[in-house]
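The structures considered in this document are given below.
Presented sequentially are two complexes of chain A, the first with chain B as partner and the second with chain C.
== the complex of A and B ==
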């Protein structure tokens, strides 16, 4: 009898432990799955990633348009909380998006747009940093994870300044010191140089990342707001980035010199 | 607020001296100085070292062999860090410390004394012995045409593409500012001032021939102290510099990055083959050195911002590289909106 009781209580403990484990893991990776890790034990996000969402066409829920498929949006609460004057600017941007969208010129997509732009990007991760190389354009974004803080004497950068730290298996990145020249999507959603982004990156399973970003900008929004998007790992055989320096397309026909007969 | 330039320019890649700019500046200069003609300043000798572009004028001998230095967890020789060529920039491919071919003398602008050819660094073409690219006649004629047109760019093809913020390509990226080499399992990555090169070490096949790229498609492997890289899929558009040499989209490059025992130097030794442009395969040699936290940052070779980690260690932030968007007068004529 006594033995049985002990066994029973042990099983209870195991059940409690398993339940606790599942609760703890509930917001992260499926139980039993092993995520890739660096030698220092931190999650290794290295790989080629891309969203399947229609977020870049418009972060907010939208019906189909001639230049966009429909999409449910990725904004928590569906609506970006623009200040009245900023909402007017957003509407103007939207009307002129075919010519004003910086991505149309091959320019730097910025943060967070490069993450959900519909082309792959590659993460190269080391203990001290993550370098994000989007296939589109020329920019390279470095997220420093070497326990450094934002510079005391910053510029206004196209990509801002990214400093990350680990909270368990979640990479939390603080990004600021932006300029005001990038857009958030091709629908004209925008920000000022006061933009402050806090990103949270984590594995959902070994081939899926959850990316959350909270955007704050007192010159443009009435309150901070959050987007959530899933990123899928490219697993096609021999898949690789193919450089897309699109801004060169208008002049590249002039090079190289060709023999007269061609 | 727009971007500010501070220090020696966190956006070092902003300044693209093109013939257009040279012409414009020269014109303004002439207008301003019309009444007071300026004599040509006294010639100045070549200065080596410091933070200047020309660090050295010789190429060290580095033999291929075993790697005895530090290795990364994945077994690669650890050569990660900030690197830059030691000789010169892209003004002149075959006489790197000479002038841009055909460079006009401008009033009031000091010219450097060149002296004898042997007083300057050798050609980047180390074979054939004459230091010249073995161009087929049609290609040589095009290079000579470019060297004249460069100083009066009446056709778009006379603009050196880097001045339009095009990627530097191969080999020019290796002598256009310093760059970072980073290593990851399966990869060596070059973060250049103008463009990024991802060298795949996993032996996957090259992209199909129909895909043509500014930086080509690179497959590499380590052979002792040497990173061997096979480059195909080039678009041939980048040119080698302001002297107009080029390869075509039919070209092939076999690169060897030979690192010395200290891990602080390497020589780039590459075979260039292109049956449509050259009469024979030739060899390009470019010496490079590493820049570390012991060195003072500078605006050409070592564009980093020293910073402190929370535990007091020194870290080096690499500056953001942006060009096309800021290149007001050139390329796409990028004017910002709003």
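== the complex of A and C ==
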């Protein structure tokens, strides 16, 4: 009887501890750690971030190949739920990835690829917006957090149109109005211009962000699917972005202009 | 043989040769299009893509044999189109239009649109390249 009572009491303690742990984890940040915040109290994601994952080589779990290291994948459930016709297209993309991958051609990476592409990106955050500048490619993505909605007369943007709001300490971003010219990785995973992305950004600790994105595209996928990736803060001394505009390289021979041949 | 006949024959041959993908680079008119190859194409819009640096309009064009070919035409940048009153609704899928412009240098099923006209007569200057020939092509007329 006594043993049972002790056991019961121990189990209660464990339950309390587990509950406390879940509460702390649920909040996103370990107890006692102070995350950076803006004057308005919202988490401040400003800084230079980069993934250590091999997600950009292939979002799905993959073994190594000549042009990629292996990776466990970042897709919840491991498999992207392609519609049959889209899966055929994905396979074609994979075979021709060396020439068709937009990133290999130096094009804008798009959303969400710019987040887990293996190069740093910088976030500049204000109360009314966050601006994301990837090192690779010539683009600046603005996430509006000023309670505005998507435009009524949209274009087909390379980066879509991003509108964010805060749910506690999590930034939730709705992105749509894309074009279909970007890929999701260099394995040929793709989307149409009907892509709709919902991102969830939060601190795990002061130097780590958790980035989740749910992708929906009724022309390509049979149901919405989600990726999760961690982003690490660059803390190296004097670390900075260095421009990486691949499509200008072919023209560098002409700059600075040389004197005309006599 | 009129230009139109030649054009229709040509497009039928091209359709047999297989679909072509337009190039998406930012470029001058003369880099991709041929000022000596004016085209006038009538068809039904399948997609208007408002993308920088050039927008693209795609339309299904029916040949004399009933065979449908999907053509692509380069438009100006989205902002310049909006200044002219063009948005997605103007050329919504299913809209019947006539595009007058110039064919791609490589002879594939795409070109540069100078003027796009709706069936109600409304007409828009939809090209954006500064070095494009100024006058809309008049059928077989050779643009000089």
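Just so we're on the same page, the second predicted complex is superposed on the first by the 231 of 262 C-alpha atoms of A that agree within 3 Å, B and C clash if a C-alpha of one lies under 4 Å from a C-alpha of the other, contacts with A are read in each partner's own complex, and residues count from 1 in each chain.
Keep in mind that, in the parts below, a contact is a pair of C-beta atoms (placed from the backbone, for glycine too) under 8 Å apart; a residue touches a chain by one contact, two chains touch by 3 or more.
Quick caveat, the model's predicted, so the values are computed rather than measured.
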Partner chain(s) touched by A:252 [first = chain B, second = chain C, both, neither]: first
Partner chain in contact with A:193 - chain B first, chain C second, else both or neither: both
Superposed model, chain A: greater residue contact from chain B or chain C: B
First (chain B), second (chain C), both or neither touched by A:201: neither
Which superposed partner A:121 touches (first chain B, second chain C, both, neither): neither
Touched partner set for A:156, first chain B, second chain C, both or neither: both
Chain B versus chain C as contact partner of A:49, first or second or both or neither: neither
Chain B and chain C footprints on chain A, overlapping residues: 153, 155-158, 179, 181, 193
Residues of chain B touching chain A in the complex: 1-4, 6, 10-11, 73, 138-139, 142-143, 145-146, 155-157, 159, 161, 164-167, 182, 184-185, 187, 189, 191, 194-196, 198, 200, 204-205, 207, 211, 213-215, 235-239, 246-249, 276, 305, 307-311, 315, 317-318, 320-325, 331-332, 334, 336-338
Contact set on chain C toward chain A in their complex: 24, 49-52, 78, 82, 87-88
Sites on chain A touched by chain B in the complex: 39, 46, 89, 100, 102, 105-108, 122, 124-126, 128, 131, 133, 138-140, 142, 144, 146-149, 151, 153, 155-159, 179-181, 193, 238, 240-243, 245, 247-248, 250-252, 254-260
Residue ranges of chain A in contact with chain C within the complex: 153-158, 179, 181, 193
